[in-house]
């Protein structure tokens, strides 16, 4: 199994989720994160003080999938999250050694 | 070493933490996340508009442990976090190649 | 490639980021997390009730880097995040199998 | 008082006249520079009107700002608050320069007046014991001008809810400046201006249109301008798809509460006196508001299974709107009826009607203010009680009053719709009404104001 | 005034009588329909009472709503706010229909009155120059009715803090409706109702119980009802284990501040006049509140090492509660003493006593309102100054007054405890008082109202 | 009134005298214990002053607390709110014990007075029909004392913005106690105290310094004390490097709005009457505030490309500050000029000047209150209109008034700067002014008060 971690622009979340359903992905976990990268942030001004906001709001999606659909999931995320503008984000893939569903105790493929 | 990542129902956090202490787990890290899965969300209604909330509040626990206690940790989480109702969450296990304590520079087993 | 995950004290974030830039790290992702560990939390008192706050605010940095600079990155984080006081946090290193930039579809080294 | 005063002066001897003079002086101790001949100000009424002015300002900042601010998404909350605050400043200056003069001076039933441009001549009158304005015989004109200013402020601020989350700040300011002068002041003139004898001067007032505190001038007016605005601008990006849930109804509940409390100044202050009519106006305001809030909440409970915070506060505002023209004319039973009607009808307008017609009036300015204002204006014609406001309603046999009320409503709807449409188009041509898609997505707080909630 | 008026009428000749008549007309210019014989309203007093009514409403919405809302967990904040708002609406209607009549009319010291059911007859009186009610000789009865309504609103709203986070909204509404009619109105009748001469009518009032602005009628009353409620319902799930820290004390501090400011209307408004007694009532309110806030803060600083925001605002509210019955009777030094006592004793009741007895009064309604009310009621008997309120306290030699105060306190405690207990049990039987465990865990905002803070 | 009254008494026969007496009784129905010879209170003026007192208290809690609280970082918000609240309590007690007596009694132009220590003698006067104080001939002295108390409260609370995020709570309390007694009361005495005839007594008042509502006594005073404070304490850790953006400008906007609304009590209340001068004071307050807000916003829009919420609300407060000394003396056109000047100059002081001089006045107490107060004080000398306030300004030919105003400003700046500096150093020696670096980093909410926003 793979853990696919994607950092995307927040407003793309719903599109990405919808793109994954047809592939059989039944669950995923999302966190609000701040991203630092090539994309430059806004400047906030408060009276005399200017703060360049280096960290931009992003959404991190973590989804565990079976090896067989991993590539299609990556591709689907890539397509759905892309705007073509700087800051679209990254996809990282890691190996999961074991997975388990808490409710039932099912493991691995059945747990997802 | 393993990184054990568990996604659980928020109100189970304290029970899970307490279940891990007897196993010698001395630290863990927690994030607020939103989960999408089989469990269906509430409907919020605001005047004419209804929003089905697909993403439910969950808590993600990340805990690094030595290989020898990994299985017992997984089991303890499984037991403590379980309600038997849909949405109880998942446990994923990944390999950690290296660990380091920032304060002392200790590495691996001593770092945890 | 490695995913370097560091849990640090929140006020050290800017120093860490600045320490990484000279090494060629061009991006990273940050989350607000709560840490449980040896460091003891504050007691909050509200009328009769006392709550010991077991979970302390921490910041989690996730940065994907090429294998060649991984050690220097770890060291830089170690140096920048260290105060020498309990609760400074941990660094965990995991293997990334694949990386991809959403905007361009570039993969692996070029994606970072 | 003047009749008794005259009767007395001519019917009783000079010794008693002297007594009266002395007593006049006595009553004026708080108004040292009183000209002997001018009617004395009533310090109690003045105290209440100073207070009412503060209460009505409180309605806009922070009341309305919070009511609206809590309902938008988190990325737009500062922009929403900013609009109410900036309009407060903008209209204050415009009212000083031309607005008050346009609305409350002049002698033509249609054409606005020019006697108080830059508040000319008010320096002096404002501090004398007498009052310059026939509309405010017992309080200083400065107080009357200020009280009316707060109405001129809240009316355009109400409109901003309709096109929340998508209008340029610059365009909004220009539009509101024009609208205040070209729509608000004329309509106030037609309904509320008086001649030197204190009789209605504007053509709608003369016709007998009853609008105690602004159901027509304020709410129908703002509500229809809002509807036109959201039609011209089109819906928010993602409307009907994205989750646009209110980010913090705590703010909205605080806002609604301050609107409610402030509305006592709005309605009871419109008596321009601290007397029984003011007291009854306050009482019916309270009663109708409560009835409407419970009615909306119950309707929602029945239809949607849950009574919501947004529902009960929306109902309260609908009740406040509907009782506005009626306060000062109706009694407690009329208030209950008006409240129940407003609660149910505005609920329907803001859910079913809006759903059916598919316009995106972000915060239901039309559904609550225009519809609620119409309900209130017409039912004023039904429930008016002669003993309270001097005019009979249909229930006391004066069925014609309903028709007169409808004329008032229709005239306002027509005039405002047309002029607002032209103004929106004009501003769109010159500045552009809408922010870019990028800015709308990013949120107006950062895009327009360079600030954000951390 | 009436005595001087009569003396004058009979003692001076007809010419002077005429003068006086003219002058009466003069003073009534703001009250056009004045019946010649009725006492004239005082526009200054009326202005202050209109303002006080707005201030006391502000105490409940948004004051109390925020004070309580900030203290609960984030998942319950909207449900908490909703209760204050919905009670405001509910009691408004009940007060109009029966409550005011029950409390302030009738001629029996125990049995409530029926003369103003549906506010019958108030339309006319409300706008006359005179006032219908002996309790409010110088202001219109509509204003007096409204002012008293705001007291009837806040009292049940105070109770909701005791069983926060676990009661069904529907059950809460039914309980409060019954409680308002069966507990609040009778007790108000017993303490505050007057006969046509303006003398106390209710049996507690007749007995000489001093309660200027509601220490007994409002605070002891609500506090004991809250205690019974949380005992009947049992503690919150996880009480004593889970972290139930207030989610946002900013809201609570704003709420406490608005309670403080609004309380000027509560206490100084209870003078039903704009005079020196009102002024002194305001002064002692301020002084006692400050003393109590500092006392609680200091007690906490000593015992727990840190002065907290929750502590200082709780102390302020305790001081406001305790000075409520005493304002209008005591002077500045009495105020300091009452404030210090209330601050320390309520701190002890809300921490040590509650801890020892192990009831879960979520937001310390008993510890602050009931205990604070008792402290204030009894100390009123100690510090009353004849020159201020017409009654001597124990320090001026009238030691009996303490016993009279205790009887007032005891009667209220007994009556309210019994009737509230019966009402809770009744509602539990018919509807069920508590939400399910699932709903309690998920949070009432989503479970009961389908909304949440985003 | 008194002159006419006397003329009448001696000029008309005994029968009429009798009438008048009866009528005096008539007017005093709200003040039952009136001594026959004392001047009667004006219930309208009293109503307005009771209201004004509530409004000015609202400015500090929650107004200023929120205005400041929203501007700090999230970890310090409760500590910021706590300061305003605790100062309110502290100064209330001090004012009761010595402050009022120091400021408003005595007969020396420089030395403070001791006649009302512990409010001695006010119990009785406060409730009589007459008033004890020459400064408040038409309202009870208790009301005047309370109104002035709210000024004494807000002044030290304003200072706290300058050293936000770094001062120990204990040190703050001790400093403010000393400052209130040793700085505020004397300066109030010098500018505002009057002799038994109602003429200025303090040496600055005698000199002819115009300060209607506290430009000098309140704002310059607080502003310079703030500057000294932040200089003595040094900048916040990380100033100029860390992101110290306001965590929630919603709170600040609500705070600014409540400051605005409450300021009507501050300025129009300073007329101590419900008359045309109060009305004009309210009007110019509104107009100058709006002008300053628009001016600051526009300046920022031009210089920084975006109009901000923080900008417009800062401008509004600058306008409120600047019109404070001028209200009651200037007319609408003067108000516009003062507002525009204050908006632009305070913007410059809070951005460029502060940047150039590199002091860390956290929330710009100096840039807004001291600079705004100076602008207002001096321009009062320019725009004063005789017909409004009885004194001519430079535009009406009285050029000397500018110099007199400058003397008032200079005296306050010098006295306050020196005494504040000594007090800061003293408290630093004894208690220590600053929290530790650890505590500053962790945030004052947890470190000092053991609480946090969840």
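Letters A, B, C, D, E and F name the chains as they come in the text, with residue numbers starting at 1 for each one.
As a working rule, a contact is a pair of C-beta atoms (placed from the backbone, for glycine too) under 8 Å apart; a residue touches a chain by one contact, two chains touch by 3 or more.
Computed from a prediction, not measured in an experiment: that's the story for all the values here.
The chain pair with the larger count of C-beta pairs in contact, out of C-E and A-B, is A-B. Subunit B and subunit D have CA centres that are 54 Å apart. Rounded to whole angstrom, the centroid-to-centroid distance between subunit B and subunit C, based on C-alpha atoms, equals 18 Å. Work out the mean CA point of subunit C and of subunit F, and you get 49 Å between them. Each of the following residues of subunit C touches two or more other chains: 31, 44-46, 94-95.
Residue numbers of subunit E whose C-beta contacts span two or more other chains: 19, 23, 42-45, 47-48, 51, 245-246, 304, 306, 308, 310, 450-451.
Chain pairs that touch one another: A-B, A-C, A-D, A-F, B-C, B-D, B-E, C-E, C-F, D-E, D-F, E-F.
Only residues 242, 441, 446, 450-452 of subunit E touch subunit B when the two sit together in their complex.
Touching subunit F in their complex are the following residues of subunit E: 1, 4-5, 8, 12-13, 16, 19-20, 23, 39, 42-45, 47-48, 51, 55, 73-74, 137-138, 245-250, 253-254, 256-258, 260-261, 264-265, 268, 273-280, 282-283, 286-287, 289-291, 293-294, 297, 304-310, 312-313, 316, 331-333, 336, 385, 387-388. Subunit D meets subunit B in the complex at residues 243-246, 300, 304, 306, 308, 310-311, 314, 350-352, 354-355, 364.
In the complex of the two chains, the subunit B residues touching subunit E come out as 11, 14, 42-46.
Subunit C meets subunit A in the complex at residues 3, 17, 26-31, 64, 94-103, 105, 111-112.
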